[in-house]
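The following pair of complexes shares a single chain, subunit A, combined with subunit B in the former and subunit C in the latter.
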Partner chain A sequence: MKGIEFFRNVSIGRYVDVDSPVHRLTPVAKYLWLMAIIIPVSVSSSTAAVLACSIIALACTVLAHVRLGFLLRGFVPVLPLFGIAAVFQALLSWPGDASPILVAIGPASLSMREMMAIASMALRFVAMMLAIGLFTSVTTEGDTARGVEDLFAPLSLLGFPARGFALTIAVAFRFIPIVAGEFESVVKAQAARGADFGSGARGPIRKARAYLPLIVPVTIRALERAEALGEAMEARCYGVGPATRYVRSVGSTADTMARIGAVMFAVAALAGPLILGLH
Partner chain B sequence: MSLVTIQSLSFTYPGSSTQALSDINLSLAPGEYIAVVGANGSGKSTLIRCLNGLLVPPPGTVCVDGFDPAEPSGRVGARKAMSVVFQSPSDQIVASIVEEDVAFGLENLGVPYDEMHSRVDGALGAVDLLAERHRSPRFLSSGQQQRLAVAGALAMRPRVVAFDEATSMIDPNGRAAILGLMDNLVSSGITVIHVTHDMDEAARAQRIVVLSEGRLVFTGTPERLFASRDLDGYRLELPRSYDAALKLGLEPHAGEDAAGLGKRAARACGMDVLAMISRLEPAASPADGSPAGVTAFSVRDASMSYSAETAGGRPAVQRASIEIPAGTLVALVGKTGAGKSSLLQLLDALAIPDSGSVVSLGNTTSDRSADLRSLRMRAPLAVQRPESAIFEAYVGDEVAFGPRNQGIRGAGLVERVEAALDAVGLPFQTYRDVLTRTLSGGMKRRLALASILSLDPEALLLDEPTAALDPATRRDVLSLIQSYARQGRTVVMSTHSMDEAALADMVIVMREGAIAASGAPDTVFGDAWDESWGIGRPFSWTMAGAAKDELNMEAVR
Partner chain C sequence: MERTNIRRIVVSGALGAVSAVMAVTPLGYLPWFGGASLTIMHIPVIIAAILEGPVAGAIVGLVFGVTSMVKAATAPIGPLDPLFANPLVSVLPRLFIGVVAWGVYRLFRGKLTPLAAGLAGAAGGITNTVLVLGALGLTAAAQLSGTFGVATSALPAVLATIALTNGLIEAAAAAVFTSAIITAWKGVEGARGASRLSDEERRQP
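Our next item is the complex of A and B:
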């Protein structure tokens, strides 16, 4: 459909419904592997560790029967961000960078070291996006929330509201399409009365004024719907006492192995390069 | 022994100076079926919320199954004993899988795993949703979603189930299913409280409670209420079958359906019955001054789908073709999800067809050079619940938003605003400086309509303009639409009420995105009628059909 539509821009329901060893893991194992990849990719200074993470993410994608192209399409919206970061890498020189200059345009130049930095950043970027994309492809909305509850279950002994936290995530998932729908409905209602968003208005205040017909009703409606959902939850005895759970996330031995594997991999990826002196 | 007791219950919202409920006294027996009726804003929903402690009533005024919802501990007991099914199907779904949503209440109560599973199975079976248990609620129809909400309530094993306008946002078939579920509950000994605007639904109850401005003004059998002369004062109306029986000179039976009345009428009146029934229909008043032969909207082989590029994309309109002559009042009917809203958006150029074409008031909407903004203002669309788009602080400014966008200023603007507000029954002098947020639900709907009428449009596109309104406001809005159409302007409105559709010049039936039938109401609800549309017939048609069958049966005998 052309015209006015917002659902298209809301990326939920990316879950790929197939059976695979990766899909069969419990949400906790999936979360642990997600973190085992993301943490080293973000903090490790070792290219070898980042490379290992990328390979693991790629291997899991193959194992999960998720098409790589499907995951890569998820990158598109964040590419501009990556582009900006790359430009900064190229423009801002390291003090004492003595590596050979590869390209020079006017005062700006790209040295070998900068080139390597950009490549390493790209690798981190791909590994991270792949891991996140894969996680959402193999985990249902319900499991995403339940996984948080399971992950924080040990802390709930100390009074941490694990279930409440998980429910917050579940409700947030429910609200994405609701708010998008409200937004679309209000935009259409105002467009039918000749509202013209964004075009023509200059200056931040006038621009903001042009969006007033949207912001006020969308905020009110979102709050009203949140209240309605809150009432429905309360009416169904939410928060009255210790809760049980309809879905059990009990894993097999393979799942336990996967959890241990995730922790060991993360430790190895973080500590390994330091011990071996790799850089 | 009463299950629910309400004694001198008064309730005032914090910050409000008027009482939302005032000195209510009522008691309900186990297995009783009561209907609560009253105008928008009469306190019906407030009453339900006081019963299960969503609002905290004064201590000692409410007792549900022995629990006082004013106390924190009593609140839990009251909520266990009384489940509520709310108005909006999608606003009460918490989980992302059907069966997990049914289990939500049980999880909260700490019901053990095995028992939880057997209760969920039972509840899903009772509402006929077992086949959908592993699906996402998002992909259910609104009728199915509402049945899911009932399942969530049933799983709690309540002694009372309250339905708070739970049938007002779903299509006729979904509505019939919910009413059937209510009957099942009552026969299994559960008390049902049914808050509704639909007097035909209310007439099915054993007892009716009428609220007016927060006061309980009537409680008694439906027969007694309908025989009393106070209905207009309560802003209510007679159920259709009751009204029709009176007009046919028969003894009215509260809760009788169209078919039942038709058969009875055939037995009582013999061969004259069909002519008598046809006289019940208000004669359609032809529009004056409509330009003959001019086409307002022309849809040719148009298709469109939502999120076409993604895996979840679905077709909304499929190869639809229809010509709508200028000056006609068109009713658009079909089940929820049949594509009514999408077709209206195509006509208003808020959506552009993926293939085929739509010509609105002479403009091809897919034409890149078409001025869609001014086209939309010539044929504005009031979306569902248009009051949700109100954003200005004052009534006058809200109505002036449209004409201002058309470039109208000064005296001309005032004139437009005044005419529009007067037309919807919110006199300009009284309402121009009233804060929009202080208006009642019905007034907000009328304000939303005024704010598109002020565009002085050539055509009006209305998406379910009468949904969720009380009988009196509904009548006002309908007569407003009819009088607008009588000026020779085009109106296309979607509706779930076939009785409203029968008032139109032309009815378009949609099924699964395609146009299944179109023509005069006589044709569509007569010879062209097809059961598979899933929409039901207007009251008098159902009645006439049943009467005909009865006459044929007698002839055979």
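Our next item is the complex of A and C:
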């Protein structure tokens, strides 16, 4: 199996340990701004909203002293995708497209509206990349889990198990390197015993069964570890008595204003284009 | 260990981690001929739903969806990754995989466990394929038609073809894996549950 060495170092995000106004925000503020950017970018059909979100993401990146190239590194491999999409848009034209033609070579023509569609698609993706990449750059793993609990804390008054949910996320984070290490050791052990995953097997059922010696042991061991962890938690009286936490995040007025600002921005980005009739 | 809140939390967390690792490393993709590959990252979601109920399945589905969204947004590799950066495509459909798998498992629970687990796995796989392709079609019709090079009106037919070919194969693979893992876990559980004393008693002549 290719590349069996790097599994142990897998990580979802890349935290950059720098001091900046953005880093100093509480996790809840970071989550609110993340959603204030992601939700309009995913849901809104207005290019103006996407543009606003991109600008905000850009500003936050600069404020956080994170290098832009670091976050946008992943964009280069997908450039060909947008190029191909542009080519196909040029070859097929939309019915009822009355916008001015920008480029015309023979039967292929790229109209303004098609160009805007491609640009909008690319811009949405850039905004997502910036927002999500920036969030993982300014938030530690522990803060990510604690932030989930703080974020859903108001809902716990209605019975939503915010603490349990946040604990699930924290357990998942803690288990990721462990599970990755298990995968690596199982792959190596099976390879040492001459197992060859899947080559030469025909048919979906047989091919899937060739991977069973890898997936089943890792999943079973993950479940066994989970059970041990659960017993340890029970032995330490988890769930009995009031819940306390070691790390508390204290927010300043600037932080509260940041939170309010995020909500207001999201509302404006979603409702603004509708009200103003922007495109 | 009886079914408690703690158990649901840790099992969801552990299976969420398995799903996340599958999503981030090449392990989640089984190579299939023709350059395409089958995903198996939805299988921990199904396992969580079968073992701990629909809520656990939904949570692991959430972890799976968010992980695939973060990966698509920060380290995209394939042509469809920019579309998966949209949470409506990557997160929302995945919440239902566990619920459907749990429902199917409950329906067939009286019968043979491997069969029930296999059917639940297949149902979960089909849910994943149908809902994700549906979300792609609804949110990204223009981009998809550009990528595949077909007119927008032909898109439903293209998606349906993918659903049938890729989806059925993935459902079969999911059935195999789910059935194997659930039967293995039930066996492990039974063996560890028996106390050592009862072993000793049996061994006495």
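The rule is simple: the second predicted complex is superposed on the first by the 228 of 279 C-alpha atoms of A that agree within 3 Å, B and C clash if a C-alpha of one lies under 4 Å from a C-alpha of the other, contacts with A are read in each partner's own complex, and residues count from 1 in each chain.
To be clear about the criterion, a residue touches a chain if its C-beta (ideal position, glycine included) is under 8 Å from a C-beta of that chain, and two chains touch if they have at least 3 such contacts.
Computed from a predicted structure; not experimentally measured.
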First (subunit B), second (subunit C), both or neither touched by A:A172: second
First (subunit B), second (subunit C), both or neither touched by A:L51: neither
Which partner reaches more residues of subunit A (counting touched residues only), subunit B or subunit C: C
First (subunit B), second (subunit C), both or neither touched by A:F125: second
First (subunit B), second (subunit C), both or neither touched by A:A235: first
Subunit B versus subunit C as contact partner of A:R225, first or second or both or neither: both
Touched partner set for A:V216, first subunit B, second subunit C, both or neither: both
Subunit B versus subunit C as contact partner of A:A254, first or second or both or neither: neither
First, second, both or neither for A:G74, with subunit B first and subunit C second: second
Residues of subunit A at both interfaces, subunit B in one complex, subunit C in the other: 2-3, 7, 13, 167, 170-171, 173-174, 178, 212, 214, 216, 220, 225, 229, 231, 233-234, 238-239
Residue ranges of subunit A in contact with subunit C within the complex: 2-3, 6-7, 10, 12-13, 38, 42-43, 71, 74-75, 77-78, 81, 84-86, 88-89, 91-92, 117-118, 121, 124-125, 128-129, 131-133, 136, 161, 164-165, 167-176, 178-180, 183, 198, 204-205, 207-209, 211-212, 214-216, 218-220, 222-227, 229-231, 233-234, 238-239
Interface residues, subunit A side, partner subunit B - complex: 1-5, 7-8, 13, 140-142, 167, 170-171, 173-174, 177-178, 182, 185-186, 188-196, 212-214, 216-217, 220-221, 225, 228-229, 231-248
Subunit C residues within the subunit A interface of the complex: 1, 4-18, 20-21, 24-27, 30-32, 38, 40, 43-44, 47, 51, 59, 63, 67, 69-71, 73-77, 79, 81-82, 85-88, 139, 142-143, 145-147, 149, 151, 169, 172-173, 176-177, 180-181, 184-185, 188
Residues of subunit B touching subunit A in the complex: 49, 52, 54, 76, 79-80, 83-84, 86, 88, 90-97, 99-100, 103-113, 116-117, 120, 136, 138, 149, 152-153, 156, 304-312, 316, 345, 348-352, 354, 366, 373-374, 376-377, 380-384, 386, 388-391, 401-402, 405-406, 451-452, 455, 461
